[in-house]
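First chain A sits with chain B, and in the next complex the same chain sits with chain C.
Up next is the complex of A and B:
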């Protein structure tokens, strides 16, 4: 049984490091692969040096049981790769190879992902020395060799105001055989900078892990600190965090629907949603003074309270903005020329979503009921449930429609929360983190599941801090969705995923 | 034949040269108005052209004289075409039997140079745009030529000035199912040639989806001004092809005819394009050929009806 092989935790739960089973790497590999076959998924897979030994940790989540499982193994400079049997480990293993120069033997295609230097000693698995410059985006990619094929390289500098990333398409005319994505241009070394914390800077790093997911990552980070210090957060603070998180979701989904309309040249929705996104952001600013919610979520609660008058105002403005979004977005579903572009474009199957461990609206649009608010509820979501929005089509239409469903459900949730705000202090003082502990914090950001894992040392300081942004799982999904598509449809497929570059690059 | 020469007028080409950029200004204003924005001033395209003319062009080291010749030949071809394009029943500066064939191939010449100038850069984006342009124009060219042939047959004249003189003075007396088909076919060609929705999106920043815009990405300064001005002229003269069919102005007073024609030339295509761009999304690129083949079929049907 799975329970015996793992340390089992609740979301935002904490345990002692000694409780984590340390097993032989072959047992580790089989245990993880079996657990994934039985319905768990990899939330995080990382290496951390513990007592001068390299330890590989697997953090799995089982949605049905609402439990998080951890297992570990001590490894040398190589170990048998999980990827051939468990594709969702692919990017994690490349990350491990890049960070610690540990080779996953049998990994089908070991490429760097962020193009930074190895954390430890001299040469990494690609023989890059510390003095070498590692040119980003230079990889040993797929090349289809034929006179009739052509390669189109896009980025890292794009025509729109977006983050840098490099895309390579292997095309036959307009037809894409394969597309490859190279990221890493935004790598800032946040995980390394968090080691030794928490301190004054920690929350700042959290809020800028991915700038458009400030609330999501800050909530995950604060939940982590509260789990490790066993702090209690008041019901009012939980409710306010939930409201802010859903406002972030609504604002971004509205912006995405507008951007999708813009990419196909459908003017009314592009113009309308672009403006309405700002109205939702202004509601967040109404709470904390910042449109992206910076400064709101703090360890122990939230930094800003809502007066009775502010609550009434927000409810009125939310209703008004929501009605406008409703009338604008409905144009999308009524216009045949829009549906002709959205439907059957960038299709991914449910099996692919499960195999690659995709998360968020992308997975839900593929028919996977995967939502951490429902699977691993914490805070306000333990009391109030938001129905999981799914679609079965797995195409751009599905991803757009899931966003619209979530806008509706999140609006209803915020309305309900604002009308029943519990009366309590908004912030409690946080204590010391428990030494030699491990905690996992999962939050459903607007892009999908955000997972933070932290290990503490003997003094209760972060020994290791691992961040997994939903984009980390989903970039591979975009690559797969583009196969056998038209190259001219790449922009709407890309927009329908709308993944974060800096959240991936960290 | 001599009668055509005696009717020549300078006003169609003069109004094309001076008013064409205004057409873009009106379209952009209509689009902005429909989406609830205030929009740029109507004269913005002129300001932009003036700005570009004062800049210097940057040339990539990989390009040759072809890249520099592209904008010049493109503009030259369109200016020449403007000289044989009448404005309703006001004849063109130059007209001769069969000039509509020259008209179609002047457009093709301009396009050919734009395409090879794009290929000259060696960029994969421009190559994609060039391939799309070549493919789509191969389908729109027969539609245009056959549609004009049907008009020639209907009006019994084989110069553009002659055709449109008969059409306009007829005050819709010549309306026939064939002319309706011709109008639809030319309208589709109009949207394609001018890179408008549903074929192309002139406002997009997404290189991978562009057709026309991506081919001129490497041009700057006066070259870009030539290209943009050429595009405005092209839209103006192709708009004349359409308006000549549906605008039955024949007051008998020359200046009134001209004023009405100019107002209709500015507002007609602008309103049509503005409304289309507001009410529908772009077609998937794979579907564009179907639209163009449909235009070709309409032209063929119109010609068959006229040959009957």
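Up next is the complex of A and C:
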């Protein structure tokens, strides 16, 4: 990769818009494809109108170099698609087509992803007019035609207490040839609502991009505001953010292990972990009053401090809860019928993880050492390192076991942080955002890499705000994991990914 | 098997005794029902109004007094933090639910919100089956509703259960502001529930659109799409608030 083709940034770094190279679309395409071949990956790919011209931005990350690279190109109403040569661009290009009615020529799978009207102009690439109703979930899906095949349609309203999505399985008996996922039901239009900010609602939007990742997204959003306003955050605030982020991870991973056990009918672990997840959420509530950490992470630091007494109490409760998780979860690994269901189910290869740009525990379970806390550390993670947990199997077992490893490592991290909390004020005042700037903020949420990119206008307001939830990368992974599986294994495969619908739909 | 039993014995019994016994401990910084003291509120001050991200706080047109709409409040406590006189504060009262939308508006009186529903009590008092519909929210309300199924809360002991199909349900429990893309699905699910039926809106989004209010992609809550019988405020409501709502609604606890 030739570095001068790009603007190079650190995570949570900021630069002037003028510093971003603008190149011809063919050069753009080759530069991005080459960089991905050489070990970078697409963190974000989006279009933003700048000075009345549609500009395509690619934000790449190179874990080994711990650097973020940005390049851009001015495009018309069509451009040559990157997807055939670089599959990780697949969903980004569909998003671009849907939002801006710009056709990626040669895209193999050009369908809407969120089923909304596009941001301007007469008709979108699917010829939906502004007055048309765009029926969600209606797409030209892949169909396997045969008298012996049948199609199973599920959702958007599911059987459990979960978010809406529509799944179509192409089945021969129990055997799944292909599954297609249609999302967009949770689309609230948050990215558009963030334009013109930051304002009173900005942080509330961050905290609800994906409710179970309130801390993750709020941290990414605050890091963004701090990067653009060149604010310093105290070491104590960083530590408290890290503690909250790891608590969020432990709570969700514990819940996931319980849900996996529930789906195979192994009730001791399902019941135990379901309860223990709540105990971790209650620890977050001890810090800020809210079980999901709402109200804690704020631009310039955190809104709540911990007294010495509260720290001691949290340490005691954490130890007690962790011990119970340990005894409950260990039942999973010792039970042959659990292992029989988990092993070799929903398998994805390391190559697939790399090609599709999968992130988080899903990628790590496939043997990819990918963790933004390690690759692009910010805040407390620059000082304290958490070993990256990986597994090489790429199956449900791998994804479950990586979660267990992360529970242990995050617990150790929280313990260590609580015992050495730096003494400092918890919040500093944030200033104005720098005008005509760009910043990238990456945080390792419990599902994986969260990436926010913001561009500011001449007044220092958000001109564009791009959110990439880890689920955005990983939904395609779930579709691939289901191929040649049995339909009865869908629940555990789905739980082992546990992706966010609202985080994807925004 | 022996290991499972050993773990079970080590962990002990966890189902709470509430409502017969005391409610579970709430965190020290828990945000419950807001309270307003008109007597110390500076006339004409707009600090709290400007600080509210959800537009939940307003001055009554005639009296000019501060009021908080719990149906829109996301309990961020910004208003409490900016008020120089501490005229607004958040209590630890977790009983927030009401059958009547107007009842969610907090004034200077510490009025109790009425959640008892005569018909629901008569028909569903001993068995209530609900279908949950997630309609455009952030999944936090869903998560804290789901928690009621864990053994700590054990919702089934009250005869309340979540079913897999609207055809088997007595009503809907809806979360989220109702995104435009979920409107049809919500309507269809509602019509698939046999009569008589009830609808419960859980969370600020489901009541009023919450933080997403007036965004072009949302419908500002459930009541604009299907009729609502019970409102449960919060962002998200604590599981205890949801449990209390269901119990008072059915007349299973202090009304």
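Simple rule for what comes next: the second predicted complex is superposed on the first by the 505 of 506 C-alpha atoms of A that agree within 3 Å, B and C clash if a C-alpha of one lies under 4 Å from a C-alpha of the other, contacts with A are read in each partner's own complex, and residues count from 1 in each chain.
Keep this in mind: a residue touches a chain if its C-beta (ideal position, glycine included) is under 8 Å from a C-beta of that chain, and two chains touch if they have at least 3 such contacts.
Small disclaimer: the values here were computed from a predicted structure and weren't measured.
Student: Report for A:173: first if it touches chain B alone, second if chain C alone, otherwise both or neither.
Tutor: The answer is first: A:173 touches chain B but not chain C.
Student: Considering only the touch criterion stated at the top, classify A:160 as touching first (chain B), second (chain C), both, or neither.
Tutor: Both partners.
Student: Would you check which partner chain A:256 touches, where first means chain B only, second means chain C only, and both and neither mean what they say?
Tutor: In the superposed model, A:256 contacts neither chain B nor chain C.
Student: When the two structures are overlaid on chain A, which partner does A:292 contact: first (chain B), second (chain C), both, or neither?
Tutor: second
Student: I'd like to know which partner A:246 touches here: chain B for first, chain C for second, both or neither.
Tutor: neither
Student: Tell me the contact category for A:485 with respect to chain B and chain C: first, second, both or neither.
Tutor: In the superposition, A:485 touches no partner, neither chain B nor chain C.
Student: Can you tell me whether chain B or chain C touches more residues on chain A?
Tutor: C
Student: Based on the superposed arrangement, let me know which partner A:265 touches: chain B (first), chain C (second), both, or neither?
Tutor: A:265: touches chain B, not chain C.
Student: Looking at chain A, which of its residues have contacts with both chain B and chain C?
Tutor: Overlap of chain B and chain C footprints on chain A: residues 159-160, 268, 271-272.
Student: Along chain A, where are the residues that touch chain B in the complex?
Tutor: Chain A residues touching chain B: 150-154, 159-160, 173-174, 261, 263-268, 270-272, 335, 337-338, 340-341, 345, 486-491.
Student: Under the stated contact criterion, what part of chain A meets chain C in this complex?
Tutor: 114-116, 135-136, 156-157, 159-164, 184-190, 192-193, 200-201, 203-205, 207-212, 214, 268, 271-272, 274-275, 278, 282, 285-292, 294-295, 304, 310, 324, 327-328, 331, 334, 500-502, 505
Student: Which positions of chain C touch chain A when the two form their complex?
Tutor: Per the touch definition, chain C meets chain A at residues 3-4, 7-8, 10-11, 14, 27-31, 50-54, 74-78, 131-147, 149-152, 162, 164-166, 176-177, 179-182, 184-185, 189, 211-212, 215-218, 235-236, 238-239.
Student: Quick check: in the complex, which residue numbers of chain B touch chain A?
Tutor: Listed in rising order, the residues of chain B that touch chain A are 31, 34-37, 124-125, 127-128, 131, 197-198, 201, 203-209, 277-287.
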